[in-house]
């Protein structure tokens, strides 16, 4: 391929380096420009939903939106152009986000029902993650993501237990409280239960009977106490991740096992002496024994 | 017994394997089917409490409820049939839950006052835990449960201290605030105190006098700070549990160092072979060398 | 003294053992009875503040209150009787609590203005701590109290920083929001700030302008994030306390220093070999050297 | 310089020691006096904003304010007088705070529009930090600040992720909920999202449709769970800081083991004397013994 269209390939390679990588100066400017444009377009979508701003700056917002959409469309075209398998990209996570970022505006132009999709454009905000990842900022969050991966199973189980508690206590309060207090059906009572247990406490539905207030107090105290569970699990995971960073990076000269604890003197797998600068005391003893035998 | 009724025992054994165990394919299908049925029946009970759904789908819900109740009754009968001591099961935790899951519907059929018990059916949701335990999903939560067991004593003591703080500050605010603000009696003031200290903050009762607001601010700051207590205790327990999982209990036969990692084969301090049941490969090598030298 | 009034001393000693100690069976019954009586008397004070209960059971409550007061007065008299220095007890923390538990009822009898002191009786609840301490239940909380002692200085500093943040952001919102929104003066704005930062969120005062809502969002996110600070400090303290429990209890045979780490083989203060069952390798080496020199 | 104006330099040096240092008794009195004056002036500004207090004590507050302003102006003049480069101080953080503490009062005297700046005087509260730092109280918070410095990058990333979640869920609820429920535009919906996710829960805007309530419940549960993230990160940092404080960085000259406790004099693994600058008492004893044997 490189032989067939050298010039075009040169353009594609250069485009690829600018758009998909982040090493050159041009690529970094592109990344920063993209972040700013994404933030600006999200701000426009958000502000346009405010009636007073819409009536005052509606036309400006409309034009800005089209400018952003055209630029994002151009960017997507450039991305697809410089990839070997553009279709595979389009069906990837970021490809779908790219499409969802521009499609609503085009659809709203073509079909009247497209208007209702315009809010989908806010998914553009997810595109920032790609740029951050490129710029290795997200590398900072590796620890967080590792700890989340290790603890999500337990946190899910915790949330399941929370829902059990909520369903049982909510039904109880539903039975006790009069419907006028807002507990008109069980799903609403469960909504109240989640609002209470998570300590959000809107106050749109509150118990009015003494017994209902007493059970609410129990739900609050449970919610206040068991927040310790996800926090404890996650803290333990972060500490474990940090500790694993703390392992010595030295690999065993015998079997190559790495991640020894810092006070290890012998490889825990093959028993080789780890500190190459000094001699293994066992060998010294043996040497002593040998020299003594030699006498 | 197996000799007396071989065929029936065969059926009972097979039923037992399907219902109470989770190894075979049929047993797993049964578990998943049961979870789906429990969730569906709970959803029906919850949705039926919504007036609009009740008037629209009341008959459907009624029929679905009877279908679930008949199936659960059948399931309970099968459970009792394949157990040696069915009565002992019926008085166990899950046996009681099984009964409470079906009794209300039958009672509502037989007696008019049974209607008020229908919400008890939501306890069905607890039956999911049995299935999860069967499928060893709850094994994931072993760590959580261990840590909770180790820390509940301290968390209870903490909650007791919290209640002291609440009672004393609530009485104070009760004295200061006018009854019109909602602080009409001490139990209500205590309810407000729990709502405030746990940072739920409904806002149904709020202080209106400057002094009352000042004391409220103290309660809030106390609640905001001492949430650190259960969290700290629980985190410490999870970390301890994790650490204990990570180290084997085996001590080095050479120098006595314990707390080796699970994959350790040699002591990290003195290099001794840890697995006493087999021979250290190094010695074998040396023995080989010696025998070769002997040639 | 024991020689002068042996019989009375015998009574005093026995009373002391029952009231102030918790070893004998009688003393334990006394403790449990006291806890129940304290809880009952607190419940009476709380319920008596509810209008409907007061009008229904007012006389009963009044009689119960007098019964409790007489019993508590008797108990205090017994305490003072069996102590060597009763005045010193009366001015101690628990002595003051004991007095405050009974004085209001007596004062309300003697003076009409004593009525307003009746709520002071709720301080009785603090007396439970003494009983719990006696029964060594609070020993469970030693870890909590140690960790609180070690971290309170930092948590206080944290609260001071929180107040700075609250004052500055509240003044800002006070300037931005119209007084009709509830931000009528700076103390009220600070009250709103504490309600928001501690994530209590009553909702009695909420920002209505977009800029006010934006700054509120910042306060909320700050409050949501910095709760990590007391939690982190306290968790670290609990973990440190737990780890110190983990120290070996073995004292150095050389200098008596205890709290060695578990893998310590030599005392970190005087260098003595800690494992008394085996011989210090240094001595063995020296012995070897001596025997070799002997050759 | 000291030679040119000895007397004046003496005054400047003494002033410097009183104002900028905290060793002598006079300097400590100055610090405490300054803290009290700052607190009093902040209290005056806050109370003066309350209408009832303003009308009752307005003149008193006005006079007190001028007294504080004159004293603070005098203090600033003294600070500038005893510094070599007063301009550099004026442009430093604390110099700007000092200026902002007194300028509003002077401007309000000179220009009518200066009134609106009066709230800026609350920044005086920041001056307390300087005094606390002087008195080495903030040294207590060194650990907190270190841990914050190490974890702020991850906490910022966390807050960014939180905002993503909020924007996406808020837009969803904005689409679902009718504008009458308060979700009139996307910025307001985002405000609601932050109020909900941070578990503040004012309740000024709450979902009314079942679907909106369902999504709200998800936002609440997410907010309730992911508070574990900053807490876990910060806890891990505090624990790391504490551990690093606990161990000295000195490595054993005998076996190279590092991370000894600060009071360690002998290596806990090989018994070597750790303090290389002095001689091991054991060797001295042995030397003594040898010399005694030599007699």
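Letters A, B, C and D mark the chains as written, and numbering starts fresh at 1 in each.
One rule holds in what follows: a contact is a pair of C-beta atoms (placed from the backbone, for glycine too) under 8 Å apart; a residue touches a chain by one contact, two chains touch by 3 or more.
Molecules present, by chain and UniProt name: A, B, C, D = Ion transport protein.
None of these values were measured; they are calculated from a predicted model.
Of all residue numbers seen at the chain B-chain D contact, over half occur in both copies; the interface is built from largely matching residues. Interface repeat of B-C: among C-D, B-D or A-C, the matching pair is C-D, sharing over half of the residue-numbered contact pairs. In terms of C-beta pairs in contact, A-B outnumbers the other of A-B and A-D. The geometric centre of chain B is 41 Å away from that of chain D, both derived from CA atoms.
Work out the mean CA point of chain A and of chain D, and you get 30 Å between them. Within chain C, contacts with two or more other chains are made by residues 158, 187-188, 190, 199-203, 223, 227, 231, 233, 235-236, 239, 263, 265.
Every residue of chain A that touches chain C in the complex is listed here, in rising order: 199-203, 231, 235, 263.
For chain B in complex with chain C, the residues that touch the partner chain are 153-154, 157-158, 164, 167-168, 171, 174-175, 184-187, 190, 196, 199-203, 206, 210, 213-214, 216-217, 220-221, 223-225, 227-229, 231-233, 235-236, 239-240, 255-259, 269. Put simply, chain D touches chain C in their complex at residues 42, 45-47, 49-51, 116, 119, 122-123, 125-126, 128-129, 137-138, 140-141, 143-144, 147-148, 155, 158-159, 162, 187-188, 190-191, 194-195, 197-204, 223, 227, 230-231, 233-239, 242, 260-261, 263-273, 280, 282.
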